[in-house]
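I have placed the structure first, in the form of structure tokens, so that the comments after it can refer back to it.
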Amino acid sequence: MELTTTPPTAAESVASGSAGPRVSAVTRLLISCPDRPGIVAAVSRFLHESGANIVSSDQHTTDPRGGSFFMRMEFHLPLDRAAHAAFEQRFGNEVGVPFEMGWQMWPAATPKRVAVLVSRYDHCLLDILWRHRREELEADVGLVISNHPDRKADVEAFGLAYEHVPVPKGGKPEAEDRMIELLAGRFDLVILARYMQILSADFLDRLAIPVINIHHSFLPAFAGAGPYQRAREQGVKLVGATAHYVTPELDAGPIIEQDVMRVTHRGDAATLERLGADIERTVFARAVKWHCEDRVLLHGNTTIVF
Amino acid sequence: MELTTTPPTAAESVASGSAGPRVSAVTRLLISCPDRPGIVAAVSRFLHESGANIVSSDQHTTDPRGGSFFMRMEFHLPLDRAAHAAFEQRFGNEVGVPFEMGWQMWPAATPKRVAVLVSRYDHCLLDILWRHRREELEADVGLVISNHPDRKADVEAFGLAYEHVPVPKGGKPEAEDRMIELLAGRFDLVILARYMQILSADFLDRLAIPVINIHHSFLPAFAGAGPYQRAREQGVKLVGATAHYVTPELDAGPIIEQDVMRVTHRGDAATLERLGADIERTVFARAVKWHCEDRVLLHGNTTIVF
Amino acid sequence: MELTTTPPTAAESVASGSAGPRVSAVTRLLISCPDRPGIVAAVSRFLHESGANIVSSDQHTTDPRGGSFFMRMEFHLPLDRAAHAAFEQRFGNEVGVPFEMGWQMWPAATPKRVAVLVSRYDHCLLDILWRHRREELEADVGLVISNHPDRKADVEAFGLAYEHVPVPKGGKPEAEDRMIELLAGRFDLVILARYMQILSADFLDRLAIPVINIHHSFLPAFAGAGPYQRAREQGVKLVGATAHYVTPELDAGPIIEQDVMRVTHRGDAATLERLGADIERTVFARAVKWHCEDRVLLHGNTTIVF
Amino acid sequence: MELTTTPPTAAESVASGSAGPRVSAVTRLLISCPDRPGIVAAVSRFLHESGANIVSSDQHTTDPRGGSFFMRMEFHLPLDRAAHAAFEQRFGNEVGVPFEMGWQMWPAATPKRVAVLVSRYDHCLLDILWRHRREELEADVGLVISNHPDRKADVEAFGLAYEHVPVPKGGKPEAEDRMIELLAGRFDLVILARYMQILSADFLDRLAIPVINIHHSFLPAFAGAGPYQRAREQGVKLVGATAHYVTPELDAGPIIEQDVMRVTHRGDAATLERLGADIERTVFARAVKWHCEDRVLLHGNTTIVF
């Protein structure tokens, strides 16, 4: 799996009139490549000589020898559209190619375009929409799709569009076709705010952008359905939630964030589920926020979170 | 599995001269029985009419209808030996039998007699021995057994006996026989402070007292060996430890306590193991302390912790 | 300060047709009195002989000798209105008076009638209203009062009444008079979901029901205004929130619940405030829920939370 | 206050035969200076052109404009003694001076030389000595000084020297003189593992190396003595511990680390103190470890912890 979003060039963002000149001039650079001496020096020299000022920088090497190198930088570089595109091209030629980098630049002023899929539960959905309204997320939520009509009024109260795409028995191919129509090319990220249908590998392929799911258990414990009931039967003293990227293999994609809560013998499965809703919405919101801030890099089936 | 310790009668404890009269007069009562009206009233009336003052009380019913009832009480009742034995017998006849109770009384002044099994790791062992020396545990640690000689000096520095019982290839039956000689009838609890040998079902049978193990993972995730390495490969963001009663089925006995710690992409398996030592010793100490204070009741394969 | 709510008699609740017969038959009993032998026995015997079945029970004694005794019981007792009133009267005469008890019974089926005061911040308000809608709170939120018009649409989207009671300079007495008109005799609890006006001692007197506030710091550290800025200047590594009952002395009433979050040098005051909103709404919701479930007893300027 | 340790040059460390060539070749660089464009580029270019490979890098800017810049880098550079000294001098001339840097290099292979001051409590002392034995700390604990003889056997069991320096009434000046004799010029760090004497400003001046204290409360709440008792009287629901650098103003130096634990109405002051010991030793060990790994930079009265 790759993070296949095609970012707008920083140049496009700079050119758009809506964001002020100061913010739009910050670009985020994500890099992954084989580790070897001189990467940081090459990147920072290139940026400095191009007139950029590095605002923040994080790096990680997976192994002291023969490992992979990951870096996230934010730099300030006020350029007009054409100049920024040329700058990106030069970066690729002069730094990216020599170091065999996978790299991507994203203009900090451009929020990710996000679509939400949800079934009936409201807790993750409402928490995300509320944070969106507070502008906590660096996301532009443009659409909510559900296989049920239940949450329509909630969503519209936030001034957002709600599409009901039912998934009748045997009707998943048509439903997925309809969702591709609604989503393809229009969004940078899809988030599953407790969407209870399994997405097909073909759908994920055609969608071709990252999908984040919230699983209501502390994976890999209790993967699959009914985790609160199973947690209770097994007598565990903590239950939790996991936000992960969706892959064709169910509940097994790269984990972005997890958290747990303490439970006791007093809580029945319904109580655990109620308490669990709090931890689910928190973990989900963190994962979505971090993704939208370009803080999550993939490394095989795991993540680097800067 | 049952908590098969035969407690000293409260009377025996009262009669022993070493503990002062005030403390020794506190008795802990543990009850489990089918739930039905009148249990609390019957117990508290019996205690009150016998001259006891209830110091603390906790109860739990597993299900509003048809469930099981669990209770832990501490009461103050200064009686001499004979009178206390008679009191216990009357309780059984007048309250225990009519309500089909499993019940047990334990004199609070009498610490549990505890033996420790350990292999090479020192962190859980030393933490328990420090807490023992600080008198945090209501335990009387009388012996440390190890299949290695490594920790002998550490243990003897605490003034405690250390028995080296090696387990050579094929020699487990003889080793277990030797351990039964050392343990049987002399202890109320055995604790495994990272003991890396699997105890046979036959050994557990012959031992016939509770055994607490610390597992270096957040069960049921990563049961078995090498959990830190596997956690890292799976990219989980939290790893943890689990203290549980030992049953013949490996790593599957009733869980007493669990906790987790946050990990990031920065920690390699060795770092996780180092951090894990802290969470292991904490979880282990809590479980041992709670058991020694008679706070843990069994309910099928789960526990009630008051 | 006393918890001065006049609860409906359990009888009134039983008589009201709306709640089903099973739930309405559960009564919560709160007791505080000087500790002495026989309290539990007397209470549980009285309840048993009256036909009640004790569903849960918690107790606490503040000091082994000469302390105060606190108890919370839930019992099941299906009686009609008149019979329940007689039962309560008998309890007072036969148990309450002899043990010098402060006591109170509350029918579990009757939610607390709650009014919310808020200024401009939405996070605590919306979280409570969501939980209210999800029926997590055992509360019947009947009114939101604000000194600003900002949250009117949010509140009305939940189908709830919103009263704008401005507090112009010098106009606090009139504002408080108006609020008393709106609140007096109609509510069991007032909660301050970030209400930025100080309530006068006279207002609290006239209101005569408990008031819960959320303070945006870990009291007693950083009492007063601007805690996030001050926390940052002092370089603390954790900041938190405190829910407490309101007393005439500012930010000094009995604490119900507190929690903290970890902060680093990276967060500026605005970041801390954003993160703080999450911990504030969590702590506030817990305190309100626990109060509505009759889990909080006062002991001087501290609380017992069962 | 400044971190006044004079570090060994990386060259000295490289020259010492005991550490293997690979580890000793890693140097840590700490930088603080006014923020301005080009710092990262200049540092990384200088290092790269000197043949160094940057292993890890963290940076922080306190304010987007006009702020201070802090950086911690680890780089690998195998040089002999003379060459490394020349390298450090060139760094100062070519990078340090132009950017008005405070900077320091420390060879990762050289542990900090640490002395411990303690009174009677054993929990922080033993935890540190045990971690020292496990080689968790990058510290070389060379001496324990106490104003009491109580912990002598404990310390000597770890093979360490124990100096009893009593502080009789009126005898503090002589005691501090004696401690200066024992400490001055021989250590890089002094840690107070529950040392109950206040150190004079004059002593701190003469000592001229960092001193870390563990305070048994969540500062700034409950500064001074008896925090557990005061926490209980105030009814707080969390108590904690704070590790901080010692300054002449009591309990007010820069905070390195804090943590808390949940407490309930059930715990008396003795229980809180027992629980508190666990949080104290944990917070203390983290702070000492981070300092020894050169992760803590001072910024006024606060810290940056990388």
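Order of writing sets the chain letters: A, B, C and D. Residues in each chain are counted from 1.
Note that in this section a contact is a pair of C-beta atoms (placed from the backbone, for glycine too) under 8 Å apart; a residue touches a chain by one contact, two chains touch by 3 or more.
The shown structure was predicted, so the numbers you read here are calculated from the model rather than taken from an experiment.
The chains touching chain A as well as chain B are C, D. Pairs A-C and A-D differ in how many C-beta pairs touch across them, and the larger number is found at A-D. When each chain is reduced to the average of its Cα atoms, B sits farthest from chain A. The centroid of the Cα atoms in chain A and the matching centroid in chain D are 38 Å apart. Centre-to-centre spacing of chain A and chain C amounts to 39 Å, using the average Cα coordinate of each chain.
Taken residue by residue, chain A touches two or more other chains at 60, whereas all remaining positions touch fewer.
Remark: chain A residues 37-42, 44-45, 47-49, 53-61, 64 touch chain D in the complex. Every residue of chain D that touches chain C in the complex is listed here, in rising order: 60, 62, 218-222, 232-238, 240, 254-260, 264-266, 299, 301-305. On the chain C side of its complex with chain A, the touching residues are 122-123, 126, 130, 134, 136, 157, 274, 278, 282.
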